[in-house]
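Chain nomenclature is as follows: A, B, C, D, E and F, assigned in order of appearance, with residue numbering initiated at 1 for each chain independently.
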Amino acid sequence: MAKNGKRGLIVGRFQPYHLGHQQAIKNCLKDVNELVIVIGSTDQSYEKENPFTAGERIEMISLALKDEKIFNRCFIVPVADIKEFALWTKRIRSYCPHFDVVYTNNPIVKELFEKDNVSVKKMVSNLKDIDAVKIREMMLNGKDWHKYVPKIVAKYLDKLGAVGRIKAIFMEEQKE
Amino acid sequence: MAKNGKRGLIVGRFQPYHLGHQQAIKNCLKDVNELVIVIGSTDQSYEKENPFTAGERIEMISLALKDEKIFNRCFIVPVADIKEFALWTKRIRSYCPHFDVVYTNNPIVKELFEKDNVSVKKMVSNLKDIDAVKIREMMLNGKDWHKYVPKIVAKYLDKLGAVGRIKAIFMEEQKE
Amino acid sequence: MAKNGKRGLIVGRFQPYHLGHQQAIKNCLKDVNELVIVIGSTDQSYEKENPFTAGERIEMISLALKDEKIFNRCFIVPVADIKEFALWTKRIRSYCPHFDVVYTNNPIVKELFEKDNVSVKKMVSNLKDIDAVKIREMMLNGKDWHKYVPKIVAKYLDKLGAVGRIKAIFMEEQKE
Amino acid sequence: MAKNGKRGLIVGRFQPYHLGHQQAIKNCLKDVNELVIVIGSTDQSYEKENPFTAGERIEMISLALKDEKIFNRCFIVPVADIKEFALWTKRIRSYCPHFDVVYTNNPIVKELFEKDNVSVKKMVSNLKDIDAVKIREMMLNGKDWHKYVPKIVAKYLDKLGAVGRIKAIFMEEQKE
Amino acid sequence: MAKNGKRGLIVGRFQPYHLGHQQAIKNCLKDVNELVIVIGSTDQSYEKENPFTAGERIEMISLALKDEKIFNRCFIVPVADIKEFALWTKRIRSYCPHFDVVYTNNPIVKELFEKDNVSVKKMVSNLKDIDAVKIREMMLNGKDWHKYVPKIVAKYLDKLGAVGRIKAIFMEEQKE
Amino acid sequence: MAKNGKRGLIVGRFQPYHLGHQQAIKNCLKDVNELVIVIGSTDQSYEKENPFTAGERIEMISLALKDEKIFNRCFIVPVADIKEFALWTKRIRSYCPHFDVVYTNNPIVKELFEKDNVSVKKMVSNLKDIDAVKIREMMLNGKDWHKYVPKIVAKYLDKLGAVGRIKAIFMEEQKE
């Protein structure tokens, strides 16, 4: 077995958690035994690009991981943004349990982790069309977004009133 | 008498305070005995969307309320923004004296206060054309904005050099 | 008339507002027409030295000023602390309506305002024995503190359950 | 069965995680199906009262919960402190998945959650002598602390060099 | 000699330091004996408008000043941004050694310093075409930017991999 | 020559800069060609442990370094504190020009830099009795502190009114 007990890390904002995230996580778990899932921008919520709170995102991810029977191989860690981006990888290392490898396709995240002597690999997903920006647009425009997220997450988002919230955020009056 | 000694709350940035704000405040005071007027974004000033300091905004509002003989029925409370928007209503409740009802037309503010079990009503104004964005644009473009704000506020803004400041903020050199 | 329409400023934490504060305010109002009352440390509450929220302190002060018929001569302005103390007087000037003179007995506050070319005078009170630290201790130890605060404030504090809160803050378990 | 699928919440700093924490967690899990474990003060580390990082504390707790086969019934959520304590319960609710009941013996935490209409119960433990303060003192003074923490946590702390770190923090030169 | 031992101050972000900055500095040093060079926005890095860290910018400026034999007449002071812009000039005065005059073409910076009784002069440069925005665009688009910065800075930026970093920052995947 | 063009780094608060600091700096400069002098806690001033602003500390150090003809071999870099101490060495590396070795006697600073793969050496000084805490106490108690700081710094501190400021900070009225 090639994994040797290693632990990986991925970062996302999960606004909302979708099938592309899920496939990436499952691909990582073919490569490592355990995975740290960092939820970024947890200090934002009820805003256009970050409609859901950290707690709601933990709930979504946990529901999906439990459904896939991989919850006990993962650590879900919310991490607030830091304006000094040069410190961000250090904050992640301080907030998370130890990890051996980071999966990312972002070249700056790669550069910053490699400067810290953390090894970095490409994150692989075949579901490149699925994208949280598009899903939020579908919610806003009344299109059917359900098939792009795990069923149990879709159900949770419906119960939460996700569509109503996103519409409310965008309806916000501009008049001062 | 229908008011029953209740206290209401409204939120604005008052950049600057105009007749639309004033009419809304007077409408609220038909419904409640006292009104908390929250000045938002007080941690910003000398910027395009927030040219005036918190202190200057307190001055404008107080001048107008005194002129209307309603100063002693109001509480003017400056509140700094909070990036974690989910905490914002809680900060308002912590910074303000107790209130029974919030007047707002913003659906997210409504949702957040109602989650906290605070009752929310529509804010009514017949002066929907008056808008601080337009007033700042008039100031910038040398048009006559005086009729859109209470006379005593217009006089204060002239003395403050409001037009000059807004032009200076927009003239800011882009060259680095 | 010696006042010449001037406006003064005093700073306090008002944990709680007491008769010493009230006498100082009334003395200032012999010297100036209007007074800005800055509530400091508004970003702290439910702690040993700052048991009451900013909103509760605005309530106490307003009740007392209205009772004394001086509410309409005052501006009550909550101001959050700033760690960079050299910037503090500037923040106060940015958060408050214009003022001509500061009343303080604190030599550092005096030095910092004078560096900003703000004139500073001694704050005069004959009630030097009354002190918020002592009042909080009396509350904690079950002694009678009511006579040291304005009657209307005492009533408000009783309704708020001030004694219970202060006891709860101090009972906080040390065990980790 | 009395649990009815409910979810509880406890808060600790876990500096380090010890048998008292563990017993409290297991007692809560007799009462509720799932438990949110909030790690507080995650923005502090390498200091006398907070020697371990958030990541190290997540590691300790996870090791122990997995060893006890209760990891999949828990959510471990690091939450940074907030100076405005009146907002703290709101931040916890925003950072955590939904919960039905809070277990605490701290009267202020109780008061603040109850103000938010969250139900609060006593946290029960028979191991009241075990205390993180004492454990850190034992580490500093070379006494044997191993028996007060779960075996797997003791092993982790040894590997981490916990004793060396705590000694280094306290050796810190005072000379400026 | 007209200088009378005076000290001036200029502010820039120096992303990167270029010949326009250098000429402005040399012009100031015709007018004053010593110059405080404030590096602004030091709390940002690895971002589109602020690709270089404070440390890298100190390095660039120092290399150039030493090359021009004017390092010992200058103070290079990194200053983090402050959201409350009304406090910004005060922060600069608190972070920098004493100065007598500010050189700026920004009307708001002028207004704020003059409110603090600091004298302000125009910043003179004949190299108005050189602009850090353009240089970053050239780096991004593979054009030759070397002639717009001092030779020693060009060499440093090449060694640092500046072009690669800027490309990486802009390549950042949009997909969530 | 053993230096090989290397650059070192030391950290201090310099409240005030004294002969112990100076000797340590000169000892470092026997070992390396250039030295980065980090001024810590620059976000504090006018307080008991941090009476002087960052700007005043830059002034003191510069005066002394110029007097010793070593100013052009040094970089003076003010760095604000960070509550997350695990990020502090990273912030220092981000704010400072590149350095090869850190001189410190603080075991935690040593541990944190070594975790970042920065080499650390002992800081050597024969003037261990000189200590900023003692100097501030002497200033407060009217004792003669002048001999413990470089002459040019003593003169600067006298002109600044350092003794008066420290007394004022400690005289601060306790009465609320």
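Some observations on this one:
In this section, contacts are C-beta pairs under 8 Å (C-beta built on N, C-alpha and C of every residue); 3 or more make two chains touch, one makes a residue touch a chain.
Everything numeric in this text was worked out from a predicted model, so none of it was measured.
Shared contact partners of chain C and chain D, listed by label: B, F.
Across the two interfaces under comparison, A-B and B-C, the one joined by more C-beta contacts turns out to be B-C. One inter-chain figure worth recording: chain B and chain E are separated by 37 Å, centre to centre, where each centre is the mean of the chain's CA atoms. If each chain is reduced to the centroid of its CA atoms, chain B and chain F end up 46 Å from each other.
With touch defined as above, residues shared between interfaces to two or more other chains in chain E number as follows: 45, 53, 84, 86, 94. Chain-to-chain contact here is organised irregularly, matching neither a line nor a ring nor a star, and falling short of all pairs touching.
Interface residues of chain E facing chain B in the complex, by the touch rule stated above, are 12-13, 15, 83-86, 105-108, 110-112, 128, 131-133.
Of all residues in chain E, those touching chain F in their complex are 42, 45, 53-56, 58-59, 62, 66, 71-72, 75-78, 80, 93-98. Against chain B, in their complex, chain D makes its touches with residues 84, 86-87, 90-91, 94, 116-117. Only residues 43-47, 53, 165, 167-169, 171-176 of chain E touch chain A when the two sit together in their complex.
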